[in-house]
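In the two assemblies presented below, subunit A is common to both, partnered first by subunit B and then by subunit C.
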Partner chain A sequence: MNDIILTASNLKKTFPIHGGIFYRKIARVNALNGVSFSLKRGRTLGVVGESGCGKSTLGKTLLRLYEPDSGGAVFEGRDVFSLKPDALLKLRQDMQMIFQDPYASLNPRMTVGSIIGEPLNIHRIGTREDRKKKVEAILAIVGMRKEALSRYPHEFSGGQRQRIGIARALALRPKLIIADEPVSALDVSIQSQIINLMIELQREFGITYIFIAHNLAVVEYVSDEVAVMYLGHIVEIAEKRALFNRPSHPYTLSLLSAIPVPEPDLKNSRERIILKGDVPSPIHPPSGCPFHPRCFKATEECRHAMPVLDDVAGDGALHKVACFNR
Partner chain B sequence: MTIMQQQEPAIPNSHSAECNAIKHEGFHVWRHAPDSTRADTVQKLIPKREEKHCLVLQVRNLKVEFTIEGRRLTAVSGTSFDVKAGRTTGLVGESGCGKSASAFAVMRLIPTPPGEITGGEILFKGRDLLKIPIEEMRLVRGKEIAMIFQEPMTALNPVYTIEHQMAEVYRLHCKYPMDEIRERSVKMLERVGIPEPQGRLKDYPHQLSGGQRQRVMIAMALSLSPCLLIADEPTTALDVTIQAQILELMCRLKEEGGMATVLITHDLGVVAETCDDVVVMYAGEILETASVYEIFKHPLHPYTKGLMDCIPRMGRTREGPLSTIEGMVPDLFNPPQGCRFADRCFKCQALCRQTEPELKTVVGSDKRQVACWFPLE
Partner chain C sequence: MHQFVKLLPFILLFFVYGVILTGPLLAPHDPFVSSLEEALQAPGAGHFLGTDANGRDILSLILYSARISLAVSFCVVLCCLFLGTTLGFIAGFFGGPLDRLFLFTADVFQAFPGILLAITVAAFIPQSLINMILLLSFVGWVSYARLIRAGVLSLKSRDYILAATVLGLPKSRILWRHVFPNLAGPVIVQASFGMAGVILAESALSFLGLGLPAGTPSLGKLMDQGVNLLLVAPYVSIFPGAVIMFFVLSFNFVGDSLREKFDV
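Right, the complex of A and B next:
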């Protein structure tokens, strides 16, 4: 399983902020600051980080819903950012997205059948009859009944809507699905149903996932590899076990200790690192390592130089961290 | 401002036996000196440590209904629970289970119409809040019972400065002079850990980060040292590292003040870390109440067990699929006969579908209650 499906190299994306007279550009938000990773086929890369760390921008940039400022991404030998529109359309057959909010991401004026069938129409797959059969089959795969086809999204609960969103992403049998917080809007009992469904689909169709979330317990459960992002940088990326058992970056460490654990007995015994202050603004990121103002290990060096993502273990396993004091 | 200690009669009309014990105890009285004529409006009772287990709030058979498009929806159907001084009681459940509706009912903030409190009693220090006139209720809100909301950006008014909004609670309840209000506001902001509080007073809510806004909300809520704090999902909109800061702050303030807290959340991790007592709600009803240790170690209701099982836990290897609770929450417009969880329950039997189980104290336990015909062993 050493088959690389997607490589991102040094992705950078900034968003302009306009203001003042003549609506000039007055500042830039640095959403992605040189993100690189590669992803193996059939595996799941979990991307975690706090709000504003660039994890959603990463997902959308990889799908070329945003054009990056610089950097590249190669998906199955195709350079994502230099494709012509018709080739891009083809590429999107293989890359699909599941969105966070199942209320906002489904068109309330379309029936479930036409929502799931829309990607098939756009890509002109099969005849009308074929498409209809396909939509029915996909609906069954995500565990919904055929009667749902002629109903509208508002008639369904959050969990069922998320199933519809997944069905739409599945319609083209994509190779890669980017799931942006697919379960964070759902209740816990529904959340586990959706997670199970996604894992089952991966096993059945060999789908590769980029699973963006802020809930570390969910990411640990779903992922094979995990990337931790902070202010547009990947600060640590590793095999799941390595990351959760031997976190090397101080940010990963504090993130892990900040999660409330559902075991009251551990309440007092657990060592906790509580970070001071807030995430700095991505408009004026701090110099040097972006984490240094909140870091409990920061030294003079961290204030001036930006650490690069470097191998920790040296035993061949994936575990890279960007820190001078690991 | 001076802090004086003085013998005061205990809470009036206290029906609770537990409260009787402290009738002879002293209270700390905060008094705005030297103007003693204003003292009555200004004085603030802070319960002492000894009263830790005094009941601050007793909700009895509370019923909240909403009328939507001519149809009646029972959001809370006859819930009863107690909140003790110095303890944090967690109201846990999924969306639509009635946990927020219960809390809003305590503050009498249910929007009417469409909502209406159609029955029950809310005894706050022995006094039924549902029976007092609304003017009197306004004196209770903010002063004796305070509330913090989920989304601090929508709870703060964007067109007023932090100072203006913090001063409001003092203006309404105490009539302090301006400079004293400012002094107290600065002290409160300091207490909740906001750096440079002097400068922050002139800021508008949008100039603060999410975590800082929530700190301001907490500072406002605690300004008059309320006996009861209701926190409706206070950390749900925050990032984990900020959540950890806020939870630590709330725990610290609880230790300092001895006030009772009702924490509404759906996050079992937050419950485990902050609560002392837990009330599990489902479809408008209470299914189980217990101490936090008991409920996590040994849940009695199949729903509680199901909730605990379906959250992925850190540091465990993936062994098969996550367990789930099949099906969906029942339609509250037409609640099923019998137990409301019956359709999703793995222990469901014919009896469950016919008769609704009552919330009963568990035999052999101190205070645990469960509403189930066939509780787990």
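Right, the complex of A and C next:
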């Protein structure tokens, strides 16, 4: 049961910036700087980091919405980035995406029925009658009523729209769903409903998730493993318990210290790490360790050499950190 | 009641266009026959809207020329839509050098005031109905193309377009199913305002003597005829002018109500 469904190796992606009257490339935004991980079937990998750290780019590159500059990804033995169009179409049945903004991810001129039915049409699944039944069944799975089918997205609330988006992703019965901040645009009360729905779906259909978020509490709730990203690098990746109990990278430490604590008494006993400065521009990333300008443990070594992800667990469990001074 | 008020411009438009399209059948006199005995008659029983300096019936002239003006503006808007949609789509969808070439061309076109460009070109080409249509399309396509390009650019990065890509929909079908329907609204609105603009432009050119050839009646030419007679026989200019105003107003009203309807 613990087989690997997806492996990403040394993914790199830069976006060119053009300028001047001749529209030449004047700079590059380094969105992904060599990201590697592997993901086991039926598990959830949480990806956290500040805005601009490349977590959305990672998700979109894995789905081939962007072509990477270099590096590879293997999904169930298939090399994602070298697939021919028809093979890619097949892959799309297995890999789907849930979007952040439920107001932008549904076409306002299509009914809910045709939105959810579209993936079935594209992949020519079953007859017209089958598809209709399937759409109704999927709608029921995500907890919405049949009457919704002939209505338009603007008639629904954010939470309901997100359910429609999940239904669309679910229609092809994918094995992997990449959820790009699926709850950060929703009210807190609705967030838990959507997260619980996603967890239920995982139990029922054995879906694997890559769950991109910036809310650590949400990530702690849904994930089995967590990857912390900073400026296009994974700086720490570990089993959830290990990461939250024994964070090893200074960046992870500071992130965790920022989680609000419900008990005021406890609050004083905990050290709050406040980072100096801002995230450096991904156009001119710092030399050496990308985190060293803001790191409270930085040494001379960090300024020149780039630390690689190193195993720190020692007992075979997953816990890798990219830091010289852990 | 509220519904009725909203529909009023459409109903009115429908009625009047019915009259105009069947104009030649309804015209009480033959507008191409002049009889100098009947010149410059004030509106009255025999000639409902009076006669011009050549004794031609103004109502009949208006019915004939409104039809032509309407046909010209319809054809021009159609040409602009075709040209603008194609070029705007290519520029917005493919981007890169094509887009930059497009932007440069559009900037050059828009650097001239439209009517000035039209007058300049009109001075060099023979007058004919087809040339008039081509000329006004040549001047008018840019704003349509810009609208389409901007629409495609903003739609291209919408999440539902990404979602369709992830679902495996080919690019051509994404255009048809997701981009086109969401652009239809603004384009229809632009087209209805465009109709008004073209009628004005055509009238202005005809008024300046650069419009349709002799023998083809047009609202602008009718007005032009009356200019020297404004104090003696104001009705020669006023009635065609009123019809132009009606055209422009009704298309603008329709454009406005369509805009409201398409704003989701």
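Note that the second predicted complex is superposed on the first by the 320 of 326 C-alpha atoms of A that agree within 3 Å, B and C clash if a C-alpha of one lies under 4 Å from a C-alpha of the other, contacts with A are read in each partner's own complex, and residues count from 1 in each chain.
In this section, a residue touches a chain if its C-beta (ideal position, glycine included) is under 8 Å from a C-beta of that chain, and two chains touch if they have at least 3 such contacts.
Not measured: the values here are computed from a predicted model.
In the superposed three-chain model, the partner touching more residues of subunit A is B, compared with the other of subunit B and subunit C. Judged by the touch definition given at the top, the superposed model places A:97 against subunit C, while subunit B stays out of reach. Of the two partner chains, neither subunit B nor subunit C is touched by A:67.
When the shared chain is aligned, subunit C comes close enough to touch A:154, but subunit B does not. Using the contact criterion defined above for the overlaid structures, shared-chain residue A:259 touches subunit B, although it does not reach subunit C.
Legend: residue contacts after superposition of the two complexes on their common chain; A:200 is shown touching subunit B, with no touch to subunit C.
Once the two complexes are overlaid on chain A, none of the subunit A residues touched by subunit B in the first is touched by subunit C in the second. If you check the complex, the residues on subunit A that touch subunit C are 23, 60, 63, 65, 88-89, 92-93, 95-97, 99-101, 104-110, 118-119, 122-123, 154, 165, 168, 172.
Residues 100, 158-160, 162-169, 177-178, 181-182, 264 of subunit C are the ones touching subunit A in the complex. By the touch criterion given at the top, residues 94-95, 209-212, 239-245, 247-248, 266-274, 292-293, 296-297, 306-308, 310-315, 318, 321-326, 328-329 of subunit B touch subunit A in their complex. Here subunit A touches subunit B in the complex through residues 50-51, 157-159, 187-193, 195-196, 199-200, 214, 216-218, 220-221, 244, 254-267, 272, 274-275, 278-279, going by the rule given at the top.
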